[in-house]
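Here it is, the structure in full.
In this document, chain identifiers A, B, C and D correspond to the written order of the chains, with residue numbering beginning at 1 in each.
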Amino acid sequence: MSDNTYGKVFRVTTFGESHGPAVGAVVDGTPAGLPLEKSDIQKYLDRRKPGQSEFTTKRQESDEVEILSGVFEDKTLGTPIALLIRNSDQRSKDYSEIKDIYRPGHADFGFDQKFGFRDYRGGGRSSGRETAGRVAAGAVALKLLSSFGITVQAFTRSIGPFRIEDPEPDISKAAGNPLCIPDAGVFEKASEYVENIMKEGDSAGGVIECRIEGLSPGIGEPVFDKLDAELAKAIMSIGAVKGFEMGDGFRAAESLGSENNDPFINVDGRIAKESNHSGGTLGGMSDGSPLIFRAALKPTPSISKPQKTVDSSGREREIVIKGRHDPLIVPRAVVVVEAMAGIVISDLILRNRTARI
Amino acid sequence: MSDNTYGKVFRVTTFGESHGPAVGAVVDGTPAGLPLEKSDIQKYLDRRKPGQSEFTTKRQESDEVEILSGVFEDKTLGTPIALLIRNSDQRSKDYSEIKDIYRPGHADFGFDQKFGFRDYRGGGRSSGRETAGRVAAGAVALKLLSSFGITVQAFTRSIGPFRIEDPEPDISKAAGNPLCIPDAGVFEKASEYVENIMKEGDSAGGVIECRIEGLSPGIGEPVFDKLDAELAKAIMSIGAVKGFEMGDGFRAAESLGSENNDPFINVDGRIAKESNHSGGTLGGMSDGSPLIFRAALKPTPSISKPQKTVDSSGREREIVIKGRHDPLIVPRAVVVVEAMAGIVISDLILRNRTARI
Amino acid sequence: MSDNTYGKVFRVTTFGESHGPAVGAVVDGTPAGLPLEKSDIQKYLDRRKPGQSEFTTKRQESDEVEILSGVFEDKTLGTPIALLIRNSDQRSKDYSEIKDIYRPGHADFGFDQKFGFRDYRGGGRSSGRETAGRVAAGAVALKLLSSFGITVQAFTRSIGPFRIEDPEPDISKAAGNPLCIPDAGVFEKASEYVENIMKEGDSAGGVIECRIEGLSPGIGEPVFDKLDAELAKAIMSIGAVKGFEMGDGFRAAESLGSENNDPFINVDGRIAKESNHSGGTLGGMSDGSPLIFRAALKPTPSISKPQKTVDSSGREREIVIKGRHDPLIVPRAVVVVEAMAGIVISDLILRNRTARI
Amino acid sequence: MSDNTYGKVFRVTTFGESHGPAVGAVVDGTPAGLPLEKSDIQKYLDRRKPGQSEFTTKRQESDEVEILSGVFEDKTLGTPIALLIRNSDQRSKDYSEIKDIYRPGHADFGFDQKFGFRDYRGGGRSSGRETAGRVAAGAVALKLLSSFGITVQAFTRSIGPFRIEDPEPDISKAAGNPLCIPDAGVFEKASEYVENIMKEGDSAGGVIECRIEGLSPGIGEPVFDKLDAELAKAIMSIGAVKGFEMGDGFRAAESLGSENNDPFINVDGRIAKESNHSGGTLGGMSDGSPLIFRAALKPTPSISKPQKTVDSSGREREIVIKGRHDPLIVPRAVVVVEAMAGIVISDLILRNRTARI
């Protein structure tokens, strides 16, 4: 039961293999009447697009989206919004020689075990290209959220060992930065680090942080579909993510209750929290503070250094991965994190409409 | 849309408030023919039961399960298995005085914001008692997994600052230990630490690690329902969990690709991995190595130290929480982690049955 | 994948075998704040209860419901409402002799084929007793609908060949009638007919009609989850139902468009329809007219006349069914039809809350 | 919550408005390894295509399908299969004058009530054109079923008052027939009848019957997702369908149990039924006999006779519908019935794979 749909009310289904004719998404459950134009979606796809800096793959994709349905006179109809992105620069021959070899750190082996065979061209459905559909769909979600006054902003908190220590950096500075690092000093060190890694044919990971503001308290469902749980799933479903934490996260495990509990206070007649160790959720529901979460991304598995592996017959082999690959996926994943967060929040806000009689 | 169901094929629905008549679960989707007796479930509930050591709440609950349906002649029928656990020791009056006050770190405020009112007795549905239903349901899952030769074992990796450094401790030693710490030295320090915290009316957190062995490769769905993503959601849906990581997790963000990639090797004709930085998943599917994940639990929010907060009218108040509370929830959560992991794996294994023609 | 849940937002899960400890339901998704007491549910169960007239099984069941969760201070909490009905009068020995024989018209053969074995006592989960859970859950739905000013009323349109010809009989007269026939003349003929059938150890079927008033236009989803489609599924999922029609139904297939189209008119400033051939739905959405649908129920398969059949080894056998059975299920199914209709409408009304921005 | 997805394991999502850029479907959950080519899908679309006889709309659509994903080297990958059909002959201006008027028998009023506005061009998403996506998706299902040896064949049982009385006509004769009537005599009368109706600017309805052979017993889920219930929903979700019956259907309501029960017999060592009043289902599961069901279709609502209606401001108006419309939809709906039946059966067969341990 391969289920390529995320969400219960705001429902996103993605499709497409890396080197097939197209990738895309169907967004079902968007309320009718939301203003939506192609440019609302394109601007997010443009941020994800490869080839924008020295740090990303050289694959060229225009990644132009076509809205196939669900929008009429620039407003959503309440019907499914199908979004199509053609694959244009498919150099499938790059992959034929790894057709029968399992790349370390990749999904190849699992696909063969699960399905009996796989589309080996560019990783097929396990390619990072699959996230284009997520970003297109997420753009619809983020547009919906912006109509409710909610903002979702992610940035690179760290690359390898280089980390922004300021708890609240000015995220707006991440926008123009090739590594999405809103801190000039850390950017300088990180970019030098990545350049060196690239020279060695190696790759790096990092941590993305996301901040969501404007969410009313009470969003999220108390038991299995907690706000934190849904975010964790959505973010961990992005290819390279290996860890997720909310607010203080792993550090909370070392705190005392008296330190970790955020006192409630009254700010101009509104109930608020004095601190935000919780990262904006209590009991799985938003608590009125900004949502803060972090995702740990492993280094890109495609490296050009020789690696030990086996082929599909089990014979041990050495592999040297060619083709066009990102030495680190973190900066391109920033917008994917925003997209997935947007989808989760949109879904939970709509679900919340039936909470009361 | 409050959805209290987890899973797509193996589906668990829990119900019950802490101080209502009962808690429980309906397990739908268990294949027919699985041997199942009450004792298979009771033994897990007994591990979760309060009052078993100095480190847990003094609330007394027999937590005896009744199988209401779905089992006939000690075998599952393929129909829903309803599991009932009566609440017996409800001292609701303990809670009447906090009826209108929002406890810091608790779900009270969110519930009121979401639903307009709440069952304030013992946290209602946000109580840790809700996990009894999860454990009962998880016991069915774990029985199913054991019939497939799969084992799920969790333990306490750390309490506050005290952590087991051995990457692979002997988990079987966690069983008899009041803190579920399979390391005598760490246990000694941690228990002393917790005793001091209890004296001060404070609370502690910690990290639980879980190891799953015997899983074939290819389990998990490649896009949104990745094995890691489903585990992340299930584990983050447990009350106090604020962080989740798979394999090297957050440390992977600092590694190089050449370090993090696990080479494939041939072990006696079987494809295996030489190392396990991935924690047993690649591309969202099991890769044949043991699954390893960790959950960070925040300190219990119920502390008896005076705290600053507000009441439902927004007036600032001081609160001193009385009643019977756990100074740390980690040891009792170990079996809840196993239960939720069991549910996830059972669901994904059954889902995998339709992967191929 | 045995899925015993109905609904997407208002979600009902039933459980229980006929001769196990209990049957029941978990109702998830009821908005918080709905007044709900045990008597709101009990009154519907009492209508379904066996042993109320000469025309129904002699099995005695008090069918008393216990609300296990989800209600606090007589209002719904927004959390799952678990409803428990103990089985009390289980004469399982009546069934031991048909353990290995497939009763014609029953689910026995299918259960064995599907699951490998079955709970043969009283049909297990395929028993009409399973509908007690539906009725209990449906009572919650009907209470919710009544809070919105919506009424759901079903009655017996025909028993065997005896049919009420009046298109709009006074449904309130069905209430006290043992056959739920709101027409004295038809009742007289039908009851005589059933009495004769009972003497011969045979059984009868009939048609139930249901009328729903007070529904706003636009309820129902335009494509797969059309109002008619959801009603059809819910009603066809009741044991003996073999046909379903909406409005003119099968007769519409013989009409001309000019006859079948209901003209829109303006009634005191409100858009309405001059006729109601559609039965209250257009394009899968409510059109403002009363919903009218009919269900055809086959005769009860349990008859005491000797029948030809086979046993589980395939040997041909003669069977004479003993035990306590209904000679016709139609009157007891009337409240089940109301319950299922209530569940469908509640679900679709709540789903409609996210139709617009 | 507009949910445009059908099925739980074999999942079909359709999208597209009649006069937007395209219609299509995403088929998720097809097992990997099924041979599938464009022609497998195109041949079903060609049967649905308009303009093939004097009895259908003159709208010209090539209805050529493009497979965007999920297929590699002519085999399914186990990933979503996205199917795209461009709209080519959109004469939107035909509709501008009915932009504010509610056509009797159409979904216009419901759409406005639900969503606040609508794509009035050709009915938007409520157009019969939406079924192109269903047929494309259904073709994948029917290919899957054929790989299991299961056949699905529908035909026109009646048009208006003209009905094939033979209980088992030779369905293969329906293929070349413009009305899909496999009986020369009935065809002659029916076609004359339709020609007269067309002259008067009126429309007709009819009954479609479907027969499914080769299904093992035990398919279908015992409670809510009964085989009959799922078929009822799927078929009632097709635009004009107002009634559904299984086997004897409404006639069963007039039978005695001794007549309606099908005796089990042993045929060459296999358990079978001597008759098939049940239409191939018992207790919601297949019983080994052919599945037989019927759908009643209302006359097409678009007629050119003047009709009474209102506009969106509530003013009473007369409407004369222009444009290109089918005088009866029955023959084009035959393949839609097969498609939907194929989707249901595929889903339930795959779901059945987890019935036993």
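Please note the rule applied: a residue touches a chain if its C-beta (ideal position, glycine included) is under 8 Å from a C-beta of that chain, and two chains touch if they have at least 3 such contacts.
As the structure is a computational prediction, the values presented were derived from the model and not from experiment.
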Higher-contact pair (C-beta pairs counted), C-D versus B-C: C-D
Most widely separated chain from chain B, with each centre as the mean of CA atoms: D
For chain B paired with chain D, centre-to-centre distance based on mean C-alpha positions, whole Å: 46
Length of the line joining the C-alpha centres of chain C and chain D, rounded to whole Å: 26
Whole-Å separation of chain centres (CA-atom averages), chain B against chain C: 39
Multi-chain contact residues (two or more partners), chain B: 1-5, 8-9, 14, 29, 32-33, 78-79, 114-116, 125, 222, 350, 353-356
Residue ranges of chain B in contact with chain A within the complex: 1-6, 8-9, 14, 102, 104-116, 125-126, 130, 158, 160-161, 197, 202-207, 216-226, 228-237, 239, 241-250, 252-266, 269-271, 274, 278-279, 282-288, 296-303, 305, 307-310, 314-316, 351-356
Complex interface listing, chain B residues touching chain D: 1, 8-9, 29, 31-34, 76, 78-79, 144, 147, 222, 350, 353-357
In the complex, chain C residues that touch chain B: 1-5, 8-9, 11, 13-17, 20-24, 26, 28-29, 32-33, 66-70, 72, 75, 77-82, 84, 114-119, 124-125, 350
